[in-house]
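Quick heads-up: structures coming right below.
In what comes next, subunit A is part of two complexes: it sits with subunit B in the first one and with subunit C in the second one.
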Partner chain A sequence: MAKDIVAGALCCVGTFFFLLGTTGLLRMPDVFTRLHPSTKCDTLGACSIIIGMAVHSGWSWELPKLVIIACFLLLSSATCGHAIGRSALRRDIPYWRKKTGEVEGGDGS
Partner chain B sequence: MKNLLALLFIAALAALLLYVVANMPPMGDPENPTATHVIPRYLEGAEEETHTVNVITGIILNYRGYDTMGEVTVIFTALAAALAVLGRERRGRIYAYVDRSGVPSSVIVRTMVRFLVPLIVLFSVYTILHGEISPGGGFQGGAIIGGSMIVFTTIFGLYESSRRIPQKVRFPLEGAAVMVFFLVGVLGMVGGGDFLTYAWPKAAAALHPALVTWLTVLVEIGIGLGGAMVLTSILFCMIREEEEIAVVA
Partner chain C sequence: MTGDSAVRKKILLTCILFLFWVIFTATLALYDLVLGAVSSALVAVLTVALLGRALDPRITPMVLLRLPVFMVRLIWEIVKANYDVAKIILNPRLPIDPRIVEYRTYLPDDLPRTVFSDSITLTPGTVTVELTGDMLNVHCLCPYHQEGLAGLERLVAWLFGVKKEGPARGAQETAFAAEGGAGSLTAGRPERGGEV
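What follows is the complex of A and B.
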C-alpha cells in the first residue's frame, strides 16, 4: 500500500515536470531559454516516472530493465540538449533581451 | 475580435468532437463492431491454427499473409521509385556527403553515437527475432536499423557509413523481404498446401508447430533485413553528392 502511494507520488512529480517543461517550451522567448525547461522533461520528468515504476515493481526482473532505460534516456537526452545548444551558440543566434518601452519582449526568433 | 472568433471556432469544434465521441461505441464492449466480425475467430483459433504464441504475428504473417506480402512489395517499390528518380551510385564508388550545417559535430555527440549505434542495432536484432512471441517484428526491427543508420550517416558522413554497409552487401539484401516471402509461399505449395501455407499438409502433424515457428522467424528476418537495407539505400541515394571521392578498396 505504502509502495503504491510512493510510486504514484513519484509519477505525479514526473508529470508535473513534463507540464513545466512543455509550458516553458511554449512560453520562453529564445532558443537557449527554451532549451532550459525542455531538457528538464527527459531528465527530471521521465526519470521520476521510471523511479516510480521501479518502486512499484519492487525486486523483480523489471528493475534492471528500468535502470537500463533510465541510463539510455539520461545519456541520449543530455547529448541532444548539448548538440542543440552548441549549434545555436555557434550560429550566433542572438540572446533574448528585454526591450525597453515594449510590453511584449522577444521577437520569437 | 480575432481572438473571440478563434475561441468560438474552437468551442464549436470541441462541441462537434465531443458529440462524435459520445456517439462512439463504448470501450471494451463485446457488442462493438470490431469485436463481432472476424476477431473472435482469430482470437479463438490462432493458437491451434497458426501455432504462434503471439496472436498479432499469427494474424499478420499467417491469416493475412497476402496483405503483408503486398506491404513488403510496397516498401520495395518505394526504393525502386527513389532509385528511378535519383539514380543508383556507380558500382564500387563512394560518394561525398558535404555537411553544410556550418557547425561540425562535437566530440560528445560523436562519442555518444559511436557508443549507442551498436546497442540500437542489437535492440533491433532482439526486436526481429523476438517478434514471433512478443511485440515487435521485422518491420519494426528494420525501421530501427534504418534509423540508427540515419543517425550514424548524419554524424560521421556517407564515406564512413558506406564503408560499414558496402554496396555489394546492400544490393542482394534489398529484395530479401520479397524473396523470402515468395520462397516461403512456394515452399508451402511444395509441402502440399496453398501458397503461403505454413503448416505443410505433407509434413507430419507433430512437426507442424516447429515448422510454423521456423518459417515465421525466417519471414521476420527477411522482412527486417530487407526493410533495413531498403531504408539505408534510400538514405544513401538521397544524401549523396554528385562527385565521387574514393574507390572502394
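What follows is the complex of A and C.
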C-alpha cells in the first residue's frame, strides 16, 4: 500500500516536470533556449517516472532493466540535445540575446 | 598491446557481457548461468581477435566501480539545476540571458570529453553545442550557469582518475557571441586561466 503511494507520488512528480518542460518549450524564444527545458523533461521527468516504476516493481528482475532503460534514455537524450544544438550552430541559426530582446545575427555575416 | 593486458581486457569484457546476460535473461538457474558465461567468454575472445580491441582503454575496473557513485553525484547536480531552471520557466518575466561560452577542458581523451559534454547537456541550463579538440562551446541559459561547468569537469576527472595539469582552462565568452556588443560582459569576470 505504502509502495503504491510512493510510486504514484514519484510518477506525479515526473508528470509535473514534463508539464514544466513543455511550458518552457513553449515560452522560450529560440531553438537553443528550447533545448534546456527539453533536457529537463528527459532527466528529471522521465527518471522520476522510472524510479516510480522501480519502486512499484520492488526487488525483482525489472529493477536492473529499469536502471538500464534510464541509462540509455539519459545517453540518447544528451546525444540528441547535442546534435540539435550543433546542427543549429553550424547552420548559423541566429540566437536570442537579452540585450535587444530580438533575434540577432548568427555569425555576423 | 601486451599479452597480459589483452587477457585482462577479455576478462573485463566477459564480466560486463555476463552482467547484461544475467539481467536480460532474468534468471539464476545454473543452466542459464553456464550458457551465459560460455557465450560471454566466446564473444569477448572473438571481439578481441577480430577488432583488436575490446573496450576503450579508458574503461578500467576502477572506472566501472566509480560509475555508480558518479551517477549519483551527477543526478544530484541535475536535480539542483532542474530546480533552478524550473524557477526560471515559471517566472512570468522569463529572466534568461542566453549566451554561448567557450570552455577549454583539460580532460585528455575522447571518452572523458564525451562523458563531460554529455553531463553538461544533461544538466538543465547548459547544452554543449560544439566539441572540437579540447574546446567546448556551451550554450548557457543564464550567465551563472557556466560556473557549474568546473565542478562537473572535476567530477568527470575524478571518474577517470585524471589529474589536472597546467592552467589552460576556464570559460570565456566567444567572439561569436561578443559580436552582439557584449564585450563589457566578459570584462566583469576575472580571468582564471593563464592564457589570453
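By definition in this document, the second predicted complex is superposed on the first by the 97 of 109 C-alpha atoms of A that agree within 3 Å, B and C clash if a C-alpha of one lies under 4 Å from a C-alpha of the other, contacts with A are read in each partner's own complex, and residues count from 1 in each chain.
The rule we apply is simple: contacts are C-beta pairs under 8 Å (C-beta built on N, C-alpha and C of every residue); 3 or more make two chains touch, one makes a residue touch a chain.
None of the values given here were measured: they were computed from a predicted structure.
Undergrad: Based on the superposed arrangement around subunit A, label subunit B with subunit C as either clash or fit.
TA: fit
Undergrad: Of the partners subunit B and subunit C, which touch A:91 in the superposed model: first, second, both, neither?
TA: First partner only.
Undergrad: So, does A:15 touch the first partner subunit B, the second partner subunit C, both, or neither?
TA: neither
Undergrad: Please indicate which partner A:24 is in contact with in the superposed arrangement: first for subunit B, second for subunit C, both, or neither.
TA: A:24 sits against subunit C, while subunit B stays out of touch.
Undergrad: Determine, under the contact definition given at the top, whether A:75 touches first (subunit B), second (subunit C), both, or neither.
TA: A:75 contacts both subunit B and subunit C.
Undergrad: Please determine whether it is subunit B or subunit C that touches the greater number of subunit A residues.
TA: C
Undergrad: Examine A:57 and indicate which partner it touches, taking first as subunit B and second as subunit C; both and neither are also allowed.
TA: Once the two structures are laid over each other on A, A:57 reaches no partner at all.
Undergrad: Between subunit B and subunit C, what minimal C-alpha to C-alpha distance in angstrom results from the superposition?
TA: 6
Undergrad: Find the residues of subunit A that appear in the contact set with subunit B and again in the contact set with subunit C.
TA: Of subunit A, residues 75, 79, 82, 86 contact subunit B in one complex and subunit C in the other.
Undergrad: Hey, which residues of subunit A end up touching subunit B in the complex?
TA: That would be residues 72, 75-76, 79, 82-83, 86-87, 90-91 of subunit A.
Undergrad: Could you pull out which subunit A residues touch subunit C in their complex?
TA: Residues of subunit A touching subunit C: 17, 20, 23-24, 27-28, 32-33, 35-37, 39-40, 42-44, 47, 61, 64-65, 68, 74-75, 77-79, 81-82, 85-86, 88-89, 95-100, 104-105, 107-108.
Undergrad: Which subunit C residues qualify as touching subunit A in the complex?
TA: Interface residues on subunit C, with respect to subunit A: 23-24, 26-27, 75, 78-79, 82, 85-86, 89-90, 94, 96-100, 117-119, 121-131, 137, 139, 141, 176, 179-182.
Undergrad: Residues of subunit B touching subunit A in their complex?
TA: Subunit B reaches subunit A through residues 101-103, 105-106, 108-109, 112, 115-116, 119.
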